[in-house]
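Just so it is clear, A, B and C label the chains in written order, and each chain counts residues from 1 on its own.
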Amino acid sequence: MTASTPGIRLRHALEVLRERSPLVQCLTNTVVQQITADVLLAVRAAPAMVDHPREAPVFAGVADALLVNIGTVTPGQVEAMPAAARAAGEAGAPWVLDPVAVGSLPVRTPLAHELLALGPTAVRANASEIAALAGEGAGGRGVDATDSVEAVLRAGRDLARRSGAVVAVSGERDAIISADRTTVLTSGDALMPRVIGTGCSLGAVCAAVLGATRGSDLTAHDAVLAAHALLGAAGTVAARSAQGVGSFAVAWLDALDTLTPEDVVTLVGIQEDPETAGVMA
Amino acid sequence: MTASTPGIRLRHALEVLRERSPLVQCLTNTVVQQITADVLLAVRAAPAMVDHPREAPVFAGVADALLVNIGTVTPGQVEAMPAAARAAGEAGAPWVLDPVAVGSLPVRTPLAHELLALGPTAVRANASEIAALAGEGAGGRGVDATDSVEAVLRAGRDLARRSGAVVAVSGERDAIISADRTTVLTSGDALMPRVIGTGCSLGAVCAAVLGATRGSDLTAHDAVLAAHALLGAAGTVAARSAQGVGSFAVAWLDALDTLTPEDVVTLVGIQEDPETAGVMA
Amino acid sequence: MTASTPGIRLRHALEVLRERSPLVQCLTNTVVQQITADVLLAVRAAPAMVDHPREAPVFAGVADALLVNIGTVTPGQVEAMPAAARAAGEAGAPWVLDPVAVGSLPVRTPLAHELLALGPTAVRANASEIAALAGEGAGGRGVDATDSVEAVLRAGRDLARRSGAVVAVSGERDAIISADRTTVLTSGDALMPRVIGTGCSLGAVCAAVLGATRGSDLTAHDAVLAAHALLGAAGTVAARSAQGVGSFAVAWLDALDTLTPEDVVTLVGIQEDPETAGVMA
């Protein structure tokens, strides 16, 4: 199959991101706040990390989009995150859940399920986190990170159907899964997971593209795919000049700043309906 | 008018900064702590982020200067910030208020006004934040960020006269405003606001230069101007080699480390009394 | 004396680090979380900053090693840190104490002593912090940072004997001190302390090498020495290309990523029993 239609929609989503400069509120972990803000600025979005429990829901009512990342959850965030998610929902603003390390840890695991029940626009995670969210929802049927790609895709589709969210599974290849559509993206470089915050920033950029494209003819699936493609394409470019993880991170930010939407389209591989086509087998 | 006198004082302030290596306590937001510390180290100051409510005022009694930035205010900081500001005041140490996003958010807005009433040596902010602080103080007369430069200068002068602080309004050009002096600084590069923390670090460096020059014949106005000139000059140099926001941030830290006070003087434009001269019209 | 035996053990420790990719839990200060995580990833360890008081001890039971750094201690951390240290101890996992700014500050000082009493595998600090920990333990006999190298070595040896920990004193040269062994390491560059987090990351890498080598024939002393050598060697290499502190930090991460264990051995100087040999005099 040709990727022309997805390619055109991808380029369009990235053009809209650059034009609209969405204001993205991030309730995120303390490890990655700086790089998340720098990535949002690089892609022309405006970051705001307003996370006090009394301020977060107020701000969520005016921001264009919201990221909720539970990586270093605090007692204050346990209160602020559901409140902000509800406020975003009431304002009609898209919001993204990144359920970092959900599974058995006793604070974040029930929090992630509480947040999921509030109806995120998208869930971005790695395979084991998606499996943990989907597995418990399906009555404890375990799907773990060592399972096959097919099992992960099945868990992602279960989660997408049950929650109504676009589910993005990050890995060597990324899978973007909606109730009725699955897209596999080939992009990026092996150095990306070796720089802290590349995954967490991806959640923020998903929120940014969702916020920018809200009200357009692009779907949430298109927006989440565009965010993954942009960050992956920048990784491919950065790897060409990197001398190691330090210079890779710098070159990645430069590429996020300077790559055009057309550049991104040429740097990634997009495959729709991979199960039919046997791509993930 | 020639800028010779301000230039000599600027160079002197930066020489004193390098010689004295002031210890700067930062109660600041979690997004920018790393870059703030790196910027302080680059300009030869010593950063310390002691912010526990029981420790912050103790440390403020021994630090050379204090920064209070309310960007990600926490319940602990609501307690620690006024206590540290009072301790700095009692010790005679200069302190800087950066009232990030003051306006309508329900925790930081009253906190910013409480802090302002404690008498900061300087207030550093963008135009809309200065307007929010000044506007409410003037009985609700609104001045917003879309207002004219003249309106912002007027708000800044109101705030400076009422608070006794040096008021620094950051923007494409910076305005440094005291009760009886206004200086407009032309420096920097359009990439600066696209790197997170360049503005927040500026507040920290204002504190550093104030701490270093305390007891000298330089005024607080001179010190705040010197901090803005140093960071802006480094931005001008960094932009020459940057390939995007990532390499810009790296080159900016390098320039902060290596520019001499003489270099800084040649890289910026300083204009005193711009209203008389019509510079800001 | 030849350094052949320490050199072989050093290389072996670094090889094990690369092979095992230890999971290192960091309860650390908010200023350095990003660089600490990036350093751990660069040296092939896996960072996790799980620090909620209810989650920290659970995670410490499964992590390979734990770092406890009190640099920006919060009320939550005052609770989480001893709980996690106890859990690590019960699980037999090594843990490292970095007692940042211990001395007179009223929250961290008793916390550091409480943590010391829980039996860290290693204590990493600068001379004045080691002196503060040792001095109070010895009944208030003060040893301060301006004291002679001999006094610091004596304080370090007191602390090592009393606590059973490997004590690492960072400085222009590093001293690694166990009850019956003292090693002095010459490595690094003067730019290292001018980049925030190089010291704090060193504590995390000590934990990483301790976690990787647990159960091998390498001692905790060997592991702590290897961590110091690795970070110092990378500093030596980074200084060759750096244009200032910004590019130094980038090149340092690149070197941490790419230096082989053999490279490290050739880039550092190791001296056993310096007092006998008069090296530190």
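Structure notes:
We take it that a contact is a pair of C-beta atoms (placed from the backbone, for glycine too) under 8 Å apart; a residue touches a chain by one contact, two chains touch by 3 or more.
Computed from a predicted model, the values in this text were never measured in an experiment.
Fitting chain B to chain C on C-alpha positions gives a rotation angle of 120 degrees, to the nearest 5. Residues touching across the chain A-chain C interface largely differ between the two copies, under half of the numbers being common to both.
For the pair chain A and chain C, the distance between mean C-alpha positions equals 35 Å. Counting partner chains per residue, chain B shows two or more touched chains at residues 30, 34, 249-250.
On chain A, the positions that touch chain C within their shared complex are 29-35, 71-75, 101, 104-108, 194-197, 242-247, 249-250. Taken together, the chain A residues at the contact with chain B in this complex read 30, 33-34, 37-38, 41-42, 47-52, 54-55, 58-59, 76, 249-258.
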